[in-house]
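Across the two complexes that follow, subunit A remains constant while its partner is subunit B and subsequently subunit C.
So, the complex of A and B:
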């Protein structure tokens, strides 16, 4: 009996030595970006099998360019989802920034930088409205951001009522080009965002974000300002959506008042595929970015595999569900083994 | 997502609130949305003399009928704390199947129309099984179902749905019966039956229990899994029914038919004062929300302003409605009424 007691008592202090080491990489594989990265590599291999040119720098750059807007949008959405919320305004902000850029083109690198700042300012303002509505006025996040999304959609139509406008050469060419002929520029921007996230998640705000998403009451009791954390999550997300709209403009090289609409569903699909829990507190940006890349790669693979474009939706839906079921099963398995 | 206003509810509960059931927030929300709609219809006389008539009210009911039917199913799923993103595809599927299986003739409509609803119900049940047995988040599961069903509808019709709607559906949507439009009678009947089903049957009360706390409902002997699957099936059947109605209304089907009902169906439920987290709300209030949104749509359309500003106003209305219909507003109202 005394042995039982010591075993019980020592268990909480014990893990660092044996129990934690193996599950730690295992858990990372199961919960975070691990599974989706694996899925990405498998899909890439399939793509290579069906399309000889898949491993060229050109094909890779194309893939990265295609995925960049969605990846950045999903990265922004992750902030809100981690804090246990939903932000539908992502589609509206992307449309709005897209038409603003196409309506007020600014030449050269400085112009592009100015455009980027403008996009982020727009996203930031929308984020402030969302944050204030959800964190301080305590509106339901889906409903409040539905409102702001529709308003942004309307403003986009006011600014540009039909697809058109002009995008400067610097934005449409240089930002979708390769650096030293190998590294895609859009990939660098996504990588910079991922790096920034690596820093942010170690700050007080980053820790608070996870705490609020996991258990709001506990977070409040331990001195975290829940409202402020939520507010900042929405503002941060808005800023990142601005960048996503900027990259969307670079990729499509045109303005479209409805350009952001397809991103609404895809963004959440990417976040979930990347292993972030939609009920908050678990996951991260890296997973969402790889999730977005996987969704875009899947379309390419299905196309090169000769699947009729009518039926690509079936595969997307099935992959989404299977990936999530699989990652849940695996994480439960690893949790069980640890116990 | 804001936390459930449990603390407010708890302090309210300490006082004996049993005697003042008529002042429940749901009841106020339902009445408020209807009163607002009537005021809007009357006030729209100032916009254009053609408006504000009984005819306009009838038109609003006809236009709102689709939304009311879709929002019923959406409301059931939201009631248990879920969300159904597949309704758009199922509306489309209902319309597409009506025009392809039955077509313009009435041949076999008697058993084919129920068959279409059963197909929709089975698809909804599949979503429910994914949510309950596989543990996929509702947001993702219904999104995946929606993508898959949309893709199947696209492939099944090779991109262009052909054929007209069965005569029986056209009659339902267009014909009069002793001077009253059959559709209006149908919608009122549907709303009454649906309100009874949600509010007063054991089926409905069990859904409320699950929405308040799935664990507590389970302990109390509610079969949570079965009820959840049923709720998703009901939502899909409602969406399919709305699809049949739309097919009859426009004598045909298009593949984008359901798209304009997804977000409004959520908005109608939320504007009606239900919590997106489940467990609260009434169908009468949802009907009020649907009527209010449709009235706004027709009044704004009559203002003769561009689509952009119209959309901006619609979004602002949602935000304003949310602000006005907040729990704290009701609490303030109650205090004002001196309870």
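So, the complex of A and C:
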């Protein structure tokens, strides 16, 4: 093109960029955390309908205690899933920390704190191994964490070959009690984790986590260290699994080398139910926590509704699929309106 | 000779190989401070590798670089940025989950109280950057996802400008831009400020208006650095491809028009109002438009990727209203989509696998598909686009952009559809590949096929189209036919210049 033609072509600028911002509330709802919260409230209403005692502090504390280990495990898993990975080691770490606590009980609040730190240290080490394998050695996350999960399970059986061990009174009673007779202590721990997540989201690491999960290449070209972000996600997840194992011990008041196994699938179910995309980049910890709570509440509702516990799995699966389909449909709808 | 001490960036003897493939071999280049330097070469000549080396994404195997006399060997993008070298990448690198502001400041956003990220501060910082570079019209709080391609490209450039205190690398910066004034102003400002600029483009006209010197890469080697003013187009093409070719533009004689193959009446979508036209068998109908005038909507609504709100489409006399591209294929319509990276190729499959994808059932033998069957079936379509058969077994992701595009065109033709919808088929493709693609399109129409082609480059339409529509604001603003297809007149029509509006040569029946 000659110069004057170029000039002509460029006179009227392209039409202005679509000015409409996506509404914030729309994003919230569409990302699934909103839907699962709604689902939780509906289920709780059902529970109240069938069981008069549902709204008592005692019943609520029970629910929270039941849900806490899964909620915390799912919160940890969320970190890895957001970065587009899977972490199967969650089941192994929970078993391992559980048997370690039951084998080496430490009395009193200080002892409990030491136990907690020990659990987190175990989780952190496993997380480091996972992270190094996935981020630096570039193994596929499912393969690497499958390995560490099996190792942790094996270690658990070596440490405690049959259910048993001792859990101190402080851990099994105080941590499952209520503060001021109303607030469940385990709920406070979950809330503290959620609060911490709120802070992490507003760090460069938090933004990088979502970015790596969305588009690894673009993240790298934007100056994000993809390997470091992935590594930190696994380490963070491991630390949180340690807390989950700690709470599992408090809830079950015993050591069981297979105690963590049921959590493997439920953790992913909770993450997905909470609206976090298993392909990375979308979602958050709060959704996973509520997702876990919903799965556990569902058990309770079915029980109080007189449904045989054999059916629980079926219902959990159906709810999971329906919730994901529904949230997909809703986000399509919102997107459609935007265009 | 002692290049140390010369201001600017010097590359000497850079070599890089990936396994057995040598991507760059002893490439030398000097970018002087305050000058715009062009880098030319066909796809696969090693331009992308050189860009990656300059910006710290990969490290050269051998060779040395100096920046203002000091050794320069970045290992990450951040190190390159810290040294003052920044790149606007061809494959736009803005993460889709971020806002405009976040993507500009990544990986370190502005912090507020307690060391936490403050969205407000981040947006304020970003707004200042956008203003400084003449892009105040973009809202820093907007999601990248919601930006049109052209705006994303501008943003990519602004981000590079922001970090480039010494060297700015622009890799195909106009690939998605219909208007270049903004970019050229930025480039001239940056050069004035003493920044060395490496400008990579397939558009020779741009290079001529911006650059004094051009370095030509061929097969991974820097074959020459020439003064742009002293070199004719032919000379430059010759350096790029290694032999002189490309005669002057030759329009083919107007083909006798056959029966209407594709007929569109009063088509309307959210971005398109009341568009009617026909494409006859054996005809190439061009569509010219600036960014975002509804051309994408037109192509996508024809194959069911976008909803229509009115109008009828008939293909070979039969009504066609597909809701998915498969349906369109059954009707005999095949689309070559806009973004080959995200909408076209399956990077992990072989080139052959990509080509035969739509005709899988014909390729399989009693339900199974072997690579050799794929290669056999892909050979014919690959020949039609002049793609070397040795590429067929490679993973398509490893091929150059030009070969990927050829494979995609081969796939579109392999569907057996008699009407092709080609959306910017030569975007980001080198001159040699362009010629091949033109030839393939011609052969296709001579065999009785009909083609609707949108191109972001006017000269291309002037060359290849029998008739040409100009879209403006979602409707047909003008129509040109035969020798009337002229750049100057079309440019006026593109911009909606009132005097340029003109109707079709033969009036269509009123509807």
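Definition applied: the second predicted complex is superposed on the first by the 316 of 339 C-alpha atoms of A that agree within 3 Å, B and C clash if a C-alpha of one lies under 4 Å from a C-alpha of the other, contacts with A are read in each partner's own complex, and residues count from 1 in each chain.
Here is the rule we go by: contacts are C-beta pairs under 8 Å (C-beta built on N, C-alpha and C of every residue); 3 or more make two chains touch, one makes a residue touch a chain.
Every value quoted in this text rests on a predicted model; they were computed, and no experiment measured them.
In the overlay built on the shared chain, the residue A:318 is in contact with subunit B alone; subunit C does not reach it. Using the contact criterion defined above for the overlaid structures, shared-chain residue A:132 touches neither subunit B nor subunit C, since it reaches no partner.
When both complexes are overlaid on chain A, the residue A:219 reaches subunit C alone and has no touch with subunit B.
Of the two partner chains, subunit B is the only one touched by A:142; subunit C is not. Applying the stated contact rule after C-alpha superposition, one finds that A:210 touches subunit C and leaves subunit B untouched. In the superposed model, A:307 makes contact with neither subunit B nor subunit C. Across the superposed pair, subunit B and subunit C both touch subunit A at residues 217. If you check the complex, the residues on subunit C that touch subunit A are 57, 76-78, 81, 89, 91-98, 102-103, 106-109, 115-117, 137-139, 141-143, 146-148, 150-151, 178-182, 205, 209, 270, 290-293, 458-459, 487-488, 491-492, 494-496. Interface of subunit B with subunit A (complex): residues 1-3, 5, 83, 85, 130, 134-137, 139-141, 143-148, 150-152, 154-155, 158-159, 263, 266-267, 270, 275-277, 306-316, 318-319, 322-323, 326, 328. Chain contact summary for the complex, subunit A toward subunit C: residues 1-3, 5-22, 199, 202-204, 206-208, 210-211, 213-215, 217-225, 281-282, 338-339. By the touch criterion stated above, subunit A contacts subunit B in their complex at residues 84-86, 133-134, 137-144, 146-159, 161, 216-217, 257, 265, 268-269, 272, 277-280, 308, 310-314, 316-318, 320-321, 324-325, 328.
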